[in-house]
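As structure tokens, here come the structures.
Each of the two complexes below includes chain A, the first together with chain B, the second together with chain C.
This part shows the complex of A and B:
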């Protein structure tokens, strides 16, 4: 059974999906990631889908689920590297991934997560 | 319409969907379809093959390269199953309608992504869906 590795980098978890996603694999990733967020206390999740050529409604829903579930566990999710053809297809399919934050690439995604961490960090220190 | 080449596959488990998507990509590349159209076609096919698996327990797909009007090449995919059929096609084609737990985007979304979409269903007998994506369509 394929397994997508989850890497911990500082306060964040990073996942690079390098294989063709099928439903079971996507569901396992969802479960593994949410568990990892809870276990590590990560504040952000970065998912690189630059190698993914197809995102259909099922996989789109899983990505949304991961973002929603992580949010409940106090971690932000950023999806990075979406191929332009995938973006066009998703919107036309009727799934614009509302509620999921995206960034162009891993570097920008990391910056976004770091900014968010700093903002919430300042708020906490003010209190 | 002239059929230039074809391939038949059975979709009985999730991993068959991956093999099918790859095979479909080969056909799309063969006729020189652009990346955006390829992605739309394969995404639509992914939705429809999942439906077949989920609601009918599997079925067969026929991939064909066809030469249509104005001599344009395209890929035609026919999904056939012997499942329970769809009682109300009009309802099933509406955004957000689902008898399962999905988002209800499968059928209407797939239709938006392809050039031609035809659905025939008989309750108790099964469903056949045919889609065509023209090379530049």
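This part shows the complex of A and C:
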């Protein structure tokens, strides 16, 4: 069965979705990712969906779920590289993914996560 | 004795044309600014030619006869070209109906002695010209609609340019009312440009939008949400005081969106987000 690899880079986890996500695969990804966050204690999750051209409401919900679950485990989720057509579809479906952060590409997503980490790090040191 | 109207008319073609031209030239709706008299003569001659050629005794009665198609074609051509030149429907109508006067007066001259037959033939000719008139109007309106359609297409195409203001900043001035089909075009163009230039800030300038109602606001919110999903920040600028008033009166919630009064202040905000600074050069 297909499995989407989850890579650990420093404090972050990175997932690049290169295939069309069918429901089973998406559910597995959700479970695997939450496991990985809890096991590695990652502070951020980066999901690259630049190769995804088709999205439905289920997929939108899964992305929202992943963000929500990671948040509970103290990790920020950034979704990067969304295609225009996918963005329009999600908006038309009424799923603007409110709790999820987005960035244009992996590089900018990484910057964003690092910035977040710095801010929280500073706060902790101030305390 | 049975008279052949078509033959009579064919024989008197020259007079018909002269009379018709005279009728058209004295008519107050003549538009010399749109077409010279020579062109008008050529056009009229063409129509009379083809009309009299195809006229035969039987299709004077049967208006659907396929042999009239040649006449219809010429008439449609004239009508469409007039619609595009900017003639009014009245002027185009007069062009065809003044032919009736010419035909009828020639008929009256030819069939002086038999009032019953004159009436009969006049009615037939009159009916024929009426049907031609209807075709003229139909094609005239079709021609106008084509013009309108083309203009609408042009407006949607030219009215959504995406401007690269700075590295990482794109702006899109929206001019005219936003409906759902235009929002789609605006959204697609903007998002595609964001991907192409990998810009992280998009400015939507709505100073050219005449009115914002709840529907337009919803379209704007959709565009902003889509930009955000792409990972870019969207700023709405050019909000006039009246629009601010309507938005608040309608109870539209724009609190999640960065809004600025002018493009300049939106740009300033964008520079701040990108940690850029605009400075005056101090002369040495």
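Here is the rule we use: the second predicted complex is superposed on the first by the 127 of 127 C-alpha atoms of A that agree within 3 Å, B and C clash if a C-alpha of one lies under 4 Å from a C-alpha of the other, contacts with A are read in each partner's own complex, and residues count from 1 in each chain.
We adopt the following convention: a residue touches a chain if its C-beta (ideal position, glycine included) is under 8 Å from a C-beta of that chain, and two chains touch if they have at least 3 such contacts.
Here the structure is a predicted model, which means the values were calculated and not measured.
Once the two complexes are overlaid on the shared chain, A:88 sits against chain B and chain C alike.
In the superposed pair of complexes, A:23 makes contact with chain B only, with no contact to chain C.
By the document's definition of touching, of the two partners only chain C reaches A:80; chain B does not.
In the superposed model, A:97 makes contact with chain C only, not with chain B. Residue contacts after overlaying the shared chain place A:105 against chain C, while chain B stays out of touching range.
Residue overlap on chain A between its contacts with chain B in one complex and with chain C in the other: 83-84, 86, 88, 92. Against chain C, the residues of chain A that register as touching in their complex are 79-84, 86-88, 90-92, 96-97, 102-105, 108-109. The part of chain A that touches chain B in the complex is made up of residues 20, 22-24, 53-58, 61, 83-86, 88-89, 92-95. Against chain A, the residues of chain C that register as touching in their complex are 184, 187-188, 191-192, 194-195, 198-200, 222, 225-232. Residues of chain B that touch chain A in their complex: 14-15, 17-18, 21-22, 25, 35-36, 38-40, 42-43, 46-47, 50, 95, 102-103, 105-106, 108-110, 112-113.
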